[in-house]
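Got some structures for you, see below.
Each of the next two complexes has chain A plus one other chain: chain B in the first, chain C in the second.
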Partner chain A sequence: MKKKKRFEWGYLLLLPGLGYIGFFVVMSAGIMIAQSFGMYNAITGETAFTLEGWQGVFSKSFVDALGFTLRTSVLSALISIAVTYPLALLLQKSKARKWLLPLIKIPYFVPGLVGSFLIVNLIDYHGLLNEVLMLLHIISEPLRLRNDANGIAVIAIHVWKNVPFMMIIMFSAIEGIRQDVKDCARNLGANSLQVLWHITIPLTVSSALVSVILTFIRTFNDYAISSTAGPMHPMSLANLMKTTAYSYNDWITAGCIGVLMTIVTVIFMVLYTVLGKYLQNGGGK
Partner chain B sequence: MKNKQAAKSRRSLTKKLLAFLIPACIGLIFLAWIVVPMGMAVLWSLVNPDYPWSYPQMFPSNLSLYHWDHVFRYTDILGAIKNSLIVAAMTTIGCSVLALPTAYAIGRRKLIGGEAFKIAMLLPMAMPGMAMAIFLGRLFAQWGLSNSYTGVAMAHILCTMPLMLRILTVSFESVPQDIVDAASNLGASPWARFKEVYVPMIIPGLIAGCIFTFIGSMEEFNLSFIIGAPAIQTVPTILYSYLGYNFLRTNASVVTLVMMVPNIIVLMVTERFIKTEYLGAALGKM
Partner chain C sequence: MKRRNLAALAMALVMLCTLLSGCGGKNGSAGKPDAAGKTDSPASAAPAEAKDLAGLMDVSWEEIYAQAKAEGSVTFFVWHDEACYTEIAKAFEAAYPGVAFDLVVSDASAAVDKMVAESSQAAGSFDVTVVNSPQTLLEANVFYGPIVDKLENAANLDQALCHAQEGYIHNGYLAPLYRNQGGLLYNPRNVSNPPETWEELEQWIDENPQKFGVCHPLQGGSGGVFLLAALDNLCGGLEKYDGDIEADESKMENWETLWQWLRDRMDKITITSSNNDSLSRLNQGELDLVAAWDDGTYTAISNGELFKDAAFYVPEFGMPGGGDTIGIPKNAKHPAAALLLANYLTSDEAQALINDFQHAYPGRVDIAVEDTVIPVEDFENRTNWTPYCYKRAYSLGFVSEVLEKAS
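Right after this comes the complex of A and B.
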């Protein structure tokens, strides 16, 4: 009897946290899915089942937006890890890390839009980057890097913002390697490059993957940065969804775009979860 | 012998060179990362409107505080900072109150399906921010929660909950069972066990969780934009308006610099308490 009572208490305690999350996520996902089938209309309030939205969702602007969003988010995630990994390894060895580490965290703590403005300043038509390149005679005419169709500005901002975030994860992963494992390898005659290649990298590569996936999810779903520094066409998916809903009042298509974005995000969250499990079980050792 | 010494001195020379080069490299990267962008913003904010800063000049020819004065006089950026702080405080309190019992249950009670609950914590992360904002916004509009502190804070609690729950669960899990058992053997009541054993041991995690929640709420854009704006302007939404439809580089510089202040203060004050391991442990592992 006593055991049963305790058992029930435990589940009740889940309610404030998980119940809250569950309720609101299920509600908003439910509205989104219902909306994509034309039910529970935002404007007229009428409910009529229709497949109209799903038939028309793969329009040119959607396909362009999908391509743009995938390209910028994949590139941002890959460039970020390419910057972070060596920097974290260097920083871990350096004595300067005590005061560099808190400073490098600044971009993680300031709003993404601050980064958006700061970076746009640098790479604008007559921004610092173009001026310096002109001064060095590398280019003869300023490059158009902001609001450009390739989304270079968007990628630059995401990298600026996400490197510190990755740095926090990677740094704790590198710090987490026990010193005796490295000492052991050194005793067995490995030089520092071999230690790096055979110990540090294998033990931290799954953390790197985790941070790449998290960064990808963040940038894939980004609205603010790509709508301020990105091109008008193609838009990012989040921007397209919001514009479709609020500017074109086409809530059915917006619902469809939302469902598709959620599916992509869920797939990557599952990947992240599986990898996280592998990490916890001491994968790679 | 001589050869050996030469090799040794060569090695120590490379070592010295490396010891100099590595911090220098990091310093340079850091300079490009933080100092240059911020310096540019400071310069732009100080441009005197009577002496425009245009193409061939590397630096503005005349500096003034005109734009600072203008922005503070005609826009409500201090109001936006106030709104952000109020919402962030409400979010942090609400989130920790809601997360504590759940994290305790998942971390300490041997519940059937504990692993599944740990994954369920991540649900809000599996939904794109904008999609959540738009469709949750419709629900909130119906309930009359739009354009209110409560509505924005409730939405923020939703998106900051995963990290808080993860950090607290890890904290609860890492309380050694021996100590809890010892306390009960010595006759501690459940309340005394909670107060004397759990509380001191989860406080660091709770502080870290609160800091990440506070920061997360301060920089959340999508939900504040859809649910709060235009009545509740927070730091990110007012910045958005300055970068979007009324973009004026000089004024935007002032707003950007001012908007950075609260977050950087939080970072500086709390730096000692934030063990980066918490974020690593909460996000890097399951």
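Right after this comes the complex of A and C.
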């Protein structure tokens, strides 16, 4: 006869943690979803179910903002990894890494808004970049790089901010490769490029993918950088959400935008988890 | 086993209690004296017969002062010119001994969020607040009113601002603190003959591509001011909109002229991200002519953020002016002190101080104005705002009809 399993009171120890998640994450997300259907209006306090927000959310402004946010997020993540990978490989072999590594990590600890102002100073009309280009007679008039429609300034700031973040992940991954595996390859006649291609990259590609996804999520939800250096149109989704709520006083559509942003983030979080598990299990090998 | 479960249960309860106590608001301490011995809630702060804002409307200023003294302090929110309001605080405390002036200087939109969030609570954080954009606060029913008629200098206040701010009708809920004026600001080293008529402005923009800057109307009032001036000059004047509560579609039929005018010049006009961004770009030499506010210009020049010979004027084609106001939240902790401060802020002394520091035209029309960036005669070119329903329409139209179609 099967013995009835007794309730473990020890599970109650999870309450503070689960309570925190339940209260601050699940409930606030629930309220945002409710707001997208017209409930819990933050300004008037009115509650009336409506699909008005969802019917109008996919406006040209939203589609433009989504396109801009996706473009800047994907490009920022890809450029960041393209910079980080070789940098991490070089640093791993460098004798100066003890002091270079902490230096490279500095931007990670600088708040996004501060970093944004720092970079804006570089790319502004009379910023360092324009002054140098003028001095070298490469340009005759300063370039207007700030608030440019293609979001080049936004991407540059995201790369500046995310390379150190990726470096933390990638450097650990490269450091984690056992030296005897590389020595073994060399004993079998592999040159440096072959070691990189057949040993280092396959063993660190999982970390690279994870760091790309995490960076994408960070940049996709950014507000501070795109609001200071981003174009007037299209805005980033976070900026559009704020403008919709505060300037248009349309909290219902703002709720819809918030829900859509959360859905995209959750999709990428799931992708990150699935990918992590897949790679943890040896990538299907 | 039982003992282990009991211990786990006890620990869980302790941790749960810790979490719940952490989530608790300030209400638990309401009414308790603070370090200075003052109390937190209006009920316990004032004497037993203390009146609320409605009750205070019918009593004398002596009685209001007596109750304000019992309340002990007044909290005033503003987002700019800290030096000015620090001086006003000293003068207020000297004029009304026993009523401490607590000045809060912070971000304007954060304060709006706070007031809206607190609007259903018994006691809010602010007693008197400066208002630059009234719509959100009035729609959230934050303020007590009307208060203007209670003020001693009500008759001398700018009557248009007493009735509406930025086209939003408030009917005396907000009292004018100072007036400001939209205009054009230019670099006299690069612009020798600034445009006065609309045709001259068109010509100037065409001849100087990307040197004219306008703030995005949703991110700074100077952008909206320029759009109104364009609407006035291109779509047959602003008078026809007067008095409308809801936007009349038939009056907006010819707005396509405005949108087309802007679309045709989007590659020649620089859209900036804020009022200050326009000034900053003018200062850097990126722009030579921008839409701006008079008080913002004076502050920027005084702070060294803008070159001293930057010239501000109200062109002949007309630009709207407005002003900022003060309001008393319904849930002000210190209602008598709030009313006393509102009255003081519209007094000769406070209005003169505002002019001394901010160099803006005061909310009172009978106060002599000294040292502003615009001469009085430029006020002849001042136009009014359209009702708020149209402000929303042209701000949103700028995005949908100009920015989206031009991109």
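Rule of thumb we're sticking to: the second predicted complex is superposed on the first by the 270 of 285 C-alpha atoms of A that agree within 3 Å, B and C clash if a C-alpha of one lies under 4 Å from a C-alpha of the other, contacts with A are read in each partner's own complex, and residues count from 1 in each chain.
One rule holds in what follows: a contact is a pair of C-beta atoms (placed from the backbone, for glycine too) under 8 Å apart; a residue touches a chain by one contact, two chains touch by 3 or more.
On a predicted model such as this, the values are computed, not experimentally measured, just so you know.
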Legend entry - Clash or fit, chain B versus chain C on superposed chain A: fit
Inset, instruction - Could you look at A:Ala224 and tell me whether it touches chain B, chain C, both or neither (first, second, both, neither)? - result: first
Legend entry - Which of chain B and chain C A:Leu13 touches, first, second, both or neither: both
Legend entry - More chain A residues in contact [chain B versus chain C]: B
Inset, instruction - Please indicate which partner A:Gly189 is in contact with in the superposed arrangement: first for chain B, second for chain C, both, or neither. - result: neither
Inset, instruction - Could you tell me the angle at the CA centre of chain A between the CA centres of chain B and chain C, given to the nearest 10 degrees? - result: 80
Inset, instruction - Considering only the touch criterion stated at the top, classify A:Glu131 as touching first (chain B), second (chain C), both, or neither. - result: first
Inset, instruction - Report for A:Met27: first if it touches chain B alone, second if chain C alone, otherwise both or neither. - result: first
Inset, instruction - Tell me which partner A:Thr265 touches in the superposition: chain B (first), chain C (second), both or neither. - result: first
Inset, instruction - Name the contact category of A:Ile104: first (chain B only), second (chain C only), both, or neither. - result: first
Inset, instruction - Using only C-alpha atoms, work out how near chain B sits to chain C after the chain A superposition, in angstrom. - result: 5
Inset, instruction - Overlap the chain B and chain C contact sets on chain A and report the shared residues. - result: 9-10, 13, 15-16, 20, 42, 126, 227-228
Legend entry - Contacting residues of chain C [partner chain A, same complex]: 4-6, 8-9, 11-13, 15-16, 18-19, 23, 109, 116, 120, 135-136, 139-140, 210, 216, 218-219, 270-273, 281, 284-286, 392, 395-396, 399-400, 403-404, 407
Legend entry - Interface residues, chain A side, partner chain B - complex: 6, 9-11, 13-18, 20-22, 24-25, 27-29, 31-32, 35, 42, 87, 90-91, 93-96, 100-107, 109-122, 126-128, 131, 160, 163, 168-169, 171-173, 175-176, 207, 210-211, 214, 217, 220-221, 223-224, 227-228, 237-239, 241-242, 245, 254-255, 258, 261-262, 265-266, 269, 273, 276-277, 279-280
Legend entry - Footprint of chain C on chain A - complex, ascending: 8-10, 12-13, 15-16, 19-20, 23, 42-45, 59-61, 64, 124-126, 142, 144, 147, 149, 227-228, 232-234, 243, 246-249
Legend entry - Sites on chain B touched by chain A in the complex: 22-23, 25-27, 29-30, 33-34, 36-38, 40-41, 44, 54-55, 58, 97-99, 101-106, 109, 111, 117, 119-132, 134-136, 138-139, 157-158, 161-162, 165, 215, 218-219, 221-222, 225, 235-236, 239-240, 243-244, 249, 252-253, 256, 259-260, 263-264, 266-268, 271, 276-277, 279-281, 283-286
